[in-house]
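Once you scroll down, you'll see the structures, which are given as structure tokens.
Shared chain: subunit A. Partners: subunit B in the first complex, subunit C in the second.
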Partner chain A sequence: MEAYSAEYFKKLAHDIMFDVSDDEVVELQAEFKELLSQIDVLNEIDTEGVEEMIYPFEAETKFLREDVVANVISQEDALSNAKSVKAGHVHVPKVVK
Partner chain B sequence: MKYETVIGIEIHCELKTKTKMFSSAPVAFGEVANTCVNEVDLGHPGTLPCVNKEAVKLAIKAATALKCEIDPLVKFDRKNYYYSDLPKGFQITQQFHPIGKGGCIHIETKDGVEKDIRINRIHMEEDTAKQFHSEAGTLIDFNRAGTPLIEIVSEPDIRNGAEAAAYVEKLRTLLLYLGVSDVKMEEGSMRCDVNVSIREAGSDTFGTKTEVKNLNSISNVQKAIDAEVERQIALVSKGEKVVQATRRYDETQKTTILMRKKEGDVDYKFFPEPNIPPIRLDAAWIKDIQEHMEELPDERKARYMKENGLKEYDASVLVANRDLGDFFDAVCEHTKNFKKAANWVIVELPAALNKDNIKFANNPCEPKHLAAMINMVEAGEISGKQAKVVFEEIMKGKDPKTVVEEKGMKQMSDTSELLAMVTSVLDANPQSIEDFKNGKDRAVGFLVGQVMKASKGQANPALTNKLIQEELKKR
Partner chain C sequence: MDFERARIEDVETRVKSAVERAKEKQEELNAVVSFVDVDSQLADLANKDPHAPLYGMPIVLKDNVNMKGVRTTASSRILDNYIPVYDAHISEKLKEAGAIVIAKSSMDELGMGGTNKNAYTGKVNNPWDTMRISGGSSGGSAVLVASGVVPFAIGTDTGDSVRKPAAYNGIIGMKPTYGRISRYGIIPYASSLDHVGYFTTAIEDAAVALEVLAGRDDRDMTSSYEPVPNYASDINSDIKGKKIAILDNVQEAITNAEIKENFDALMKKLQARGAIVEHVRFDDKLMRAMLPVYYIIANAEATANHSNLDGIRFGMREDGASVEEVMINSRTKGLCPYVRKRFVIGSYSLFEENQEKIFRKAQKVRRLIVEELKKALAGYDIVIASASGMIAPKSEDSQDEHLSKDVLVAENYMVMGNFSGYPSMSMPTGFVEGMPIGINMTAKPFAEQTLFNIGKAIEEETGLKGNDVEVDA
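Right, the complex of A and B next:
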């Protein structure tokens, strides 16, 4: 599949579970084109020998949590957001990996 | 063509902690579904992971025992995939900076082949939720979600099923002794994935590998590999190709079955976990953990042979079964007769437990009672034969001293009392005295038997023998 084609955006939308109309795809393509050209500008920066920055604060930490049970929620609370519950379990359609 | 098998093994072990890897909810097995969780385990928005100190400690112990180099800067990464067993949509793992690297472990197969298997890495991560699939849908229990795991990855140094079984068994005992994990394969606290490929013997390139998953016992590890190697050789011999895939072992068909094909590597889009900044471990803390590790299986075996004078076989049996080994150690605190103690613990104790179908955890026999009984035999207070009867009683939790008194078993070791008995037996058997004088030593055995009979088995055999010899010479 060609990158940033209409088909590409439709598949991407489907993968993350929402629908896009044909008009929206055209809009997305235009926005992506713009975005990519901006990234091209960033790509021109010479990063040779510069270490990547992962965290905004580069200081190392030391803290580790003691192994003590503290916060447990009830089964009722644990399941309260589930769309479907069966026998104390979250119930979802069968999708075998 | 002659083929060579190349095997690498990935093992996941649940760590024996009280709480999850990144949350303070309890770790439990067999609890009511979705009662051992909190917002972090369920991946609720706004929650943050917080690394469990004990899990790091256990990972350091495992890495040390496997002679890995330990990275004192702990970092985590995200492995992204979308599936219902993973509430956050990613697993927190250590893709780029495993806590341990480059170790090795010495194995010995049942046929006595010894070799070192190199360890590529050992890293920390979190377990997924448990799913129950049925036609009506999938039920999810999040109790297991977030349970601390270590994954141990071997180099492809393993060449056959027997070596693989020895490797898994060695790791299992090691982690058990260290208290790192319960390592119960049947309950899934230790899980084993095996990568198998074949190549022309002597070649240094790798063939296409398959991954065999869900092996729930050590014997199945070996059987699955043997079956998979046989399948791959049959394919290649016919000029067909091995297809890269995940397979599972089917015990009834004794073969591996295709689960899913793998087309290239799945892209998990790994990236550093932004919610856990790098954690610098205190060097003194690591050193303290390493200096206070439990006795390792190999060390225990050496101790049994050197300090307790046991034969290699007996030492191995006691090490392979830690419960028996611990029991043996407890018995040895109360007796110096180590060899006898080993014999009772290795042979008689498991037999007695099996007979009554008692699990070792419910063993009613107290180590000090068994030791006391062994000492009584040693001191000649009871005979070896009587010991068997006493043993049956101490297997009911009784003190051997009480048993001996209740059954009136105490060996007769009072010289004057025995002498009277010997004299009367000799008086009653003039023919035996005659035989002894004519050089028939067997007569002594007969006379000892008569005394034993007269004493209802309570006479001390050694003392009786001595007295009879003395008395015969006087006549």
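Right, the complex of A and C next:
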């Protein structure tokens, strides 16, 4: 598949579970052109030996706690936002046909 | 309207008139997604200490903040029917402090955008000129404060989503240090950049608000253990000897003469108060890299964060013959084209073959930008510049984060506050063509008090305490 073709973008979108229209593909192609030129801007910057910055502060703030049950929601609450519920479970179309 | 002015009316009158004002202005501003029932909250006040810091204060939450039992959509169609079963940490804190939430406000969908034109409920209008944008992504909250509906509203800030709309609307926009306020229960955008922020019209109110909101929460792993000071009682506008660094790259990029003059005049006033005002300059290449670094990191983190928006366990579900089809149909219909395009770009930069040259490269440049800011702040209390080189643009002249050859340094630099996590605040300093303009300042980690102190000095100079459309009218 040719990189940055319409087919390519439709597959990219499909891989993350949605569709894009033909018009959206045209816009994406234009944005990718810009993205690639902006990567050149980044490449002008020497990052040899520089560590990636993943979070603003790299100090750990979470420590191990006792294994006690906390912040529990009820089954009723857990299912309250699902469109379809059957027998205490989220109901979806049959997977095994 | 500030807290002091709001307190002139008794609690019930104050809350009911805020609701009334919000409803009256809805057609003009389009800032509210959902109104929240205030009667039960007013009844709950009977169990609260009348001296609680926000006792009976009408406030607004951005619509990405979970409030138990109250529809929370993040201005996205896919969450149009979502009713949280728990409170965000800050919703609990605000309730404890006696605040009354009157409405959930409009935002760019999932926080993605800087215009508020990307909201499922449509564009939000700037109260100073409704043909102009509010800015985003916390646009609804900003205009509800700027129009005098409420004295305080919650926003979130991933790029400049509190600080830019604050500048466009003539109010204070505060983004504290990363970890200062817990994000538990807030619909995320990009986790390494997301901050809770807020809007007020007075520095004292901003200080009180932070005392309420800040503090460790075990449910947010990035939440800080740093003690919460008494920001409000510690405010001191004596800035003699304070070292202020003007960020030259930004001021030189601004072409609007009136905005430049306003800034220069303010710096002279701060000097006259005894502040030491000097200049710093960042590496131009790093300044130009800010937008692409933001764009790459934010989109990549967003696409991962929002993989749970599939209509299965919550949200708007579309029909389909299989689970996969249900997800694809729900996400295609539920997410706007702008958001879907950003997810495609984010996903692309996370592909194994692209990670090193795109995503990791951006994370490395992020570190260099933060080091540049850290270096500047080693010698100064704050770095300051105009919050924008323009007044709020007209709707047709504005667009969301969009890469282009002409990188607008003055319009994108505030993202350094998100890269670094350093506290950053915008506040109004005057008017150009009848529209508000402002400055932005950034301080060292957890030095929010410095921002409040220098902010107080600026507020005394500008006389814009309590600024909103009603006051100005």
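Operating definition for what follows: the second predicted complex is superposed on the first by the 89 of 97 C-alpha atoms of A that agree within 3 Å, B and C clash if a C-alpha of one lies under 4 Å from a C-alpha of the other, contacts with A are read in each partner's own complex, and residues count from 1 in each chain.
Throughout what follows, a contact is a pair of C-beta atoms (placed from the backbone, for glycine too) under 8 Å apart; a residue touches a chain by one contact, two chains touch by 3 or more.
Just so you know, these numbers come straight off a predicted model, no measurement behind them.
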Of the two partners subunit B and subunit C, more of subunit A gets touched by chain C
Check whether A:V20 is in contact with subunit B, with subunit C, with both or with neither, and answer first, second, both or neither.
second
Tell me which partner A:H89 touches in the superposition: subunit B (first), subunit C (second), both or neither.
first
Touching A:N71 in the superposition: subunit B (first), subunit C (second), both, neither?
both
First (subunit B), second (subunit C), both or neither touched by A:Y55
both
Considering each complex separately, which residues of subunit A are in contact with subunit B in the first and with subunit C in the second?
54-55, 57, 61-62, 65, 71, 73, 78, 84, 90, 92-93, 95
Touching subunit C in the complex, subunit A uses residues 9, 12-21, 24, 27-28, 31-32, 34-35, 37-39, 41-45, 47, 50-57, 61-62, 65, 71, 73, 77-78, 80-84, 90, 92-93, 95
What residues on subunit C touch subunit A, complex-wise?
81-83, 85-86, 178-179, 192, 218-219, 221-225, 285-286, 288-289, 291-293, 295, 303, 307, 310-317, 320-328, 331-332, 335, 337, 340-341, 343-345, 347-348, 357-358, 360-368, 370, 402-405, 407, 418-422, 445
Please name which positions on subunit B make contact with subunit A in the complex.
17-19, 23-26, 32-39, 42, 50-56, 73, 83-84, 132-142, 260, 272, 274, 277-280, 282
Can you check the complex and tell me which residues of subunit A touch subunit B?
54-55, 57, 59-75, 78-79, 84, 86-97
